[in-house]
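Next come two complexes, and both contain chain A; in the first it sits with chain B, in the second with chain C.
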Partner chain A sequence: MFSFLSYMIPTTLRMGTPIAFTALGGVVSERSGVNNIGLEGIMTAGAFAAVLGSYYTGSPWIGILMAMLVGILISAIHSVLTITIGAKQAVSSMALVLLAEGLCGVGVEAFFGQSGSTAQVNNLPTSNIFASIPLVGGFLSHLSPFVYIGFIALIVVTLLFKFTRFGFHITAVGENPTMAETCGINVHRVRYISVLASGLLGGLGGAMLSIGQMNLFQEGMVAGRGYLALGAVTMGRWNPVASYCSAMIFGFFDALQLYLQTIPSNPIPSDFIQMIPYLAILIILAVTSRKMKYFGVTAGGKPYTKYASSH
Partner chain B sequence: MAEYAIELKGITKRFPGVVANNNISFSVEKGEIHALAGENGAGKSTLMNILFGLLVPDEGEIVINGKVEKFSSPRDSNAAGIGMVHQHFMLIPKMSVMENVIIGQEPGSSLKIDRQKGIEEVQAISDRYELNLDVTKRVGDLSVPEQQRVEILKVLYRQADILIFDEPTAVLPPHLIDEFCDILLSLKQKGKTIIFISHKLAEVMKVSDHVTVIRRGEVIGTKAICDTSIDDITRMMVGHSVDTGRKARSDIRPGKEVLTIKDLHYTNIEGNEKLKGLDLTVHEGEIVGIAGVDGNGQEEMEKCILGLFKPDSGEILFEGRNVNDLNVRQRRDMGLGYVAEDRQKESLVLQYSVAYNLVLGQEERPEYSKKGFWLKRNAIQETAERLAKDYDIRLANVNVAAGTLSGGNQQKIVIAREANADPSLYVAIQPTRGLDIGAADSVQDTLIRLRDENKAVLLISMELDEVLAVSDRIAVIFDGRIVAVVDAATADKESIGYLMLGSRKGGEK
Partner chain C sequence: MTSNKKREILQELLIPVIAVVLSLLIGGIIIALLGFNPFDAYGALIQGSMGSLVSFTMTLKTSVPLILAGLAVAVAFKSSAFNIGVEGQLMFGGLCAGLVGIYVPLPPGLHLVVTLLAGMLGGALVAFFPAILNTACNVSVVISTIMLNYVVQFFVQFCVMGPFHGDTSAPATDPLLASATLPNILPARYQLNLGFIIMILAVVLVYIFMNKTTKGYQLTAVGLNATASEFSGMSVKKNIFMALLLSGAIAGLAGSIEVTGTLKRMVNGFSTGYGFSGIPIALMARNNPFAIILTGFFFGMMRSGSFLMQATVGVSSDMVGIIQGLVVVFICLENLIRYYMNRIK
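This part shows the complex of A and B:
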């Protein structure tokens, strides 16, 4: 039992945190009324940018910075298209996913001269600064710094919505943009900042996949985690803490799947075992989505045109 | 000379193809209640949105407290002390009253909101103006009149001393209109200047000091209330006088039962029992009006009749036949005409042409399609042109999109379509809501005509005056039951009002 737990806890955090980052980003963007299905693409670009940054500077921390910047950049495209121009959010998002995946594929060839995956770079698998702490130091230092950044992100986003003026405005804009405008809130500005913030968090999620869990970028490595993150947002009913925990539930099933694969002479084919996280999620979503219409963001997914220009 | 809070000078606003406001000038004295009356589409809302900063006028000048102002957003008008209580509430149901009120002007530091202070400040305003609100409650849990008071609170919190009310009584049940008028008067007493938009003239007469009438984007005149009368204002609004009393009808005896509802029970998804044993009968050749305060089971009853909601128990008989197991289409084919409450969402496809909308739901009938597959476009066109003429639907031609028509003409499409299907039972829910006097009159005339043609008509309306004017019998609904059925010709408005509130005082079983 102890060995099971000592495997499952860190692995859950390791597998869940990338999804959790992106889910927190999803919470911020969706609460403001902008759906960002493109988070999948933002994660991909973030993962690649992190490797690129680490490759050229030798510092994975610069990689993280690059991932956040690229995440912001890509979501800026989404913002302009959906908020200013009023394009369909789903279409713009999907285009971003394809764009990001395509660009990263080309990027792998262009920068590394090989296809499929990049060269290995410096990464951040452990947090050695905690090693000297007695008793728990070993455990803590075996977790990637990303896990701790994830905690910080959770606290920041929670405080944002709980206490701050801006978080309050995000919710108002997502619920009733016309009202927010009549109360003197700049709807477009709030939505822009929210979407950019979701890009930053999505980029971090991607970076953890490439330089937190591994030390390279592989095409297809995001493998739908951006969509899982959106599932976590829905499951968490747009609440930061609950969405973070939902992401960790996904991480748990991923960890379970990995654990089962390590059992020797397991009679179940590994293809089936790898289905576990996805099956679990479908079941959880089916159960938790009942009566979902009482939750959600009222003006979610609807472009907003300023009153004066729409009448 | 009186001191003016607002002076509008030559305001003109053009939209593509229409002049919504044409050279509008009038003045509002400080501390008065000034009514702005006019039919729908007369340009009242445009004018108020200009005053509120949501729209920018093409020409003209706004003078507030003697100072020329230029508003480009609600923030500007707010700074000049103008607040607006919108007809369609601008509220977020999920948030508390306090949160709804402070949005955009939250107390606290630039980063953190001081919620405790917010609660105290907002509660203090509510108490001072006797709005009777618990500011920590969720807005979604409040009744419509309470939500309206939240809107008022919002404006007061922003320290507005000029308050614009956009058709505030349109959303209120009749018995609460007096209470609302008291709030207006108390605001006036505390020194606020109020612009009150309405086309319900009884209220206008009751609370206002002056009334300005607008017709087709132009000011017809401003009068002191003591120098005018309802008839006078009506004439100014519509350009001719309209009979507001009980509608004339031919003298026929109700025939056999068309709709019979027996002991109907319905529980909604939240687990609230909304219908608690409702009984109702509608005969051939009569109009039964349902009088009641919104939310007492009208919607559930009407949706059960149509077949959208499945009752828990009880029977709905249609010409003696139990229809419980029939779906909406089958019930419609049995001769059920249905005018839904929300014409834009439930009755029309706004992007379709008027012609298509006029046969919507009947398109599979042999008149309009060959073998139920190929549309007979010529037949549809001819029917549409005939209906547009008969029902006075004003349009360039029947091929324009229904969404381009005014609300009154959209409603006439629905009324005409449902009547043209030759129904034996015609159910109309709030058929004149939001219509101007002329259009409402024509809709009511259609109901009477159907009745005179020996159809059964069920009218559900929140406007007691309408129920009284149109119905033969009035069934009062309260808390999921029909609590009384009275003859409309001899009915007494006050006792029906009591019954609607669940009191038996003065009522008869």
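This part shows the complex of A and C:
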């Protein structure tokens, strides 16, 4: 039992944190009324940018910066299309996914001269600064710094919605943009910042996949985690803490899947074990969405134009 | 028809064309930035897809699953459901068709029909889960369809690599029985099979269903205005449910045509993103079945030409993916394009 727990706790954090980062981004963006199915694409771009940054500078921290920057850039496309132009949010998000996958595929060949995956780069698998702490130091230092950045992101986003003016503005803009505008809030500005923030967090999530869990970028490595993050946002009812925890539940199933694969002479074929996280989310969503009272952000998914009612 | 209305129709037709031109332009800039000559690259793309009668029929054949995938996306779109699970439905349809084609010997003719029907049923089955989850449990179609893609991917992998793995080193089953394969409709070297005719038939049937039947009309009405439809007695959820099943069946047909016509056996991971390409194909055609033939052919051209482009010019065939994404971006800009077109006239 102890060996099971000592495997599951760090692995859950390791597998859940990328989804949690992205889910936090999803919360910020969706609370402001802009749905973002394109988180998958943002993660892909972030994962590749992180490797690129680490490859050229040798420092994975620069990689993280690059991932955040690219996440912001790619979500800027989504924000222009949906907020300024008023395009359908689901369609524009799909553009992000297609674009990111295409660009990363071409980028892998252009920068590394090989297809499918990049060269290996410096990564951040452990946090050695905690190693000297007595008792828990060993455990803490075995986690990637990304896990701690994830905690910080959770605290920041929670405080943002609980205590700051801007957080209230995001909620106001998502619930009733017309009223918010009447009160003097610049709806478009708030939505822009929220979508760009989701790009930053999604980029971080992607970076953790490539230089936190591994040390390279592979095509298809995001494998639906951006969509899992969306599921986590829905499951967490657009609340940062609940969404973070939901992401960790998916992380748990991912960890469970990995654990089951390590058991020797396991009778279940590995293909079925790998299905577990995806099936788990379907079942969890089916059970939890059924009695849902809060159907999400009131003005979510609707473009807002000044001088016209949003209905 | 007034001249104003004519102008409006012309304008609507021009928007996707402008979107494609702009995407190719930006794609060309990216190619140039990578250090290649964009004219050479696009030249190879056209040469590879339409340079000869053989390559042209090859492109037609490549377009068949793309057009059907676009049609599948469009049917769901019409009812406002966003089916990103076409990829999985297509794969599972292919698997079902492949298994019936190998293990269920039937008289010629009948065997082919049953095989294709099995594929359609398989696709519809995969679409059934998101449909029922949406109807009964309020689960977002987007999330459930995409999650099922992964579930199906692993399941197909298990079947093809495990119990049904053929006597081959390839990740594939045994070949289909001859009675379950689609016959060629042109001399053998042109490679065009009956799947092409079936695809045209499917497009016509979907068009008739959407535009000439009450059920199809309801489906569209629900997509256009859910509240009004609900008030006039149509069930929104029931129509979305139906649209998803139909969408899945068409996706399954796409997969089974690929398996019975092109591959003649079930291959693990045979769909290289056909389902995802279906999204820009449907969007560009504005969900019009006949326009989907054109837009699907355009994407087929890029796919079949991209191999020559990679081989002779050296531009990665992933470039096609970028252009797909750009097309969607510019389709999203339709309001802006329309605005500038109105200013010009």
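Just so it is clear, the second predicted complex is superposed on the first by the 304 of 311 C-alpha atoms of A that agree within 3 Å, B and C clash if a C-alpha of one lies under 4 Å from a C-alpha of the other, contacts with A are read in each partner's own complex, and residues count from 1 in each chain.
Everything below uses one rule, namely that contacts are C-beta pairs under 8 Å (C-beta built on N, C-alpha and C of every residue); 3 or more make two chains touch, one makes a residue touch a chain.
Note that the structure is a prediction, hence the values are computed from the model and not measured.
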{"item": "Touched partner set for A:88, first chain B, second chain C, both or neither", "value": "second"}
{"item": "Which of chain B and chain C A:101 touches, first, second, both or neither", "value": "second"}
{"item": "Touched partner set for A:163, first chain B, second chain C, both or neither", "value": "first"}
{"item": "Touching partner for A:180 - first (chain B), second (chain C), both, neither", "value": "first"}
{"item": "Contacts of A:30 with chain B and chain C, given as first, second, both or neither", "value": "neither"}
{"item": "First, second, both or neither for A:254, with chain B first and chain C second", "value": "neither"}
{"item": "When both partners are placed on the shared chain, which of chain B and chain C touches more of chain A", "value": "C"}
{"item": "First (chain B), second (chain C), both or neither touched by A:171", "value": "first"}
{"item": "Complex interface listing, chain B residues touching chain A", "value": "15, 49, 52, 54-56, 73-75, 78, 84, 86, 90-95, 99, 103-106, 108, 110-113, 154, 269"}
{"item": "Interfacial residue positions of chain A with respect to chain C in the complex", "value": "37, 77, 81-82, 85-88, 90-92, 94-103, 105-106, 109-110, 115, 223-224, 227-228, 230-231, 234, 269, 271-272, 274-275, 278-279, 281-282, 285-287, 289-290, 292"}
{"item": "Interfacial residue positions of chain A with respect to chain B in the complex", "value": "163-166, 168-169, 171-172, 175-176, 178-185, 291, 298, 307-308, 311"}
{"item": "Sites on chain C touched by chain A in the complex", "value": "30, 34, 82, 84, 129, 133, 136-140, 142-144, 146-151, 154-155, 157-158, 161-162, 276, 279-280, 283, 316, 318-326, 328-329, 331-336"}
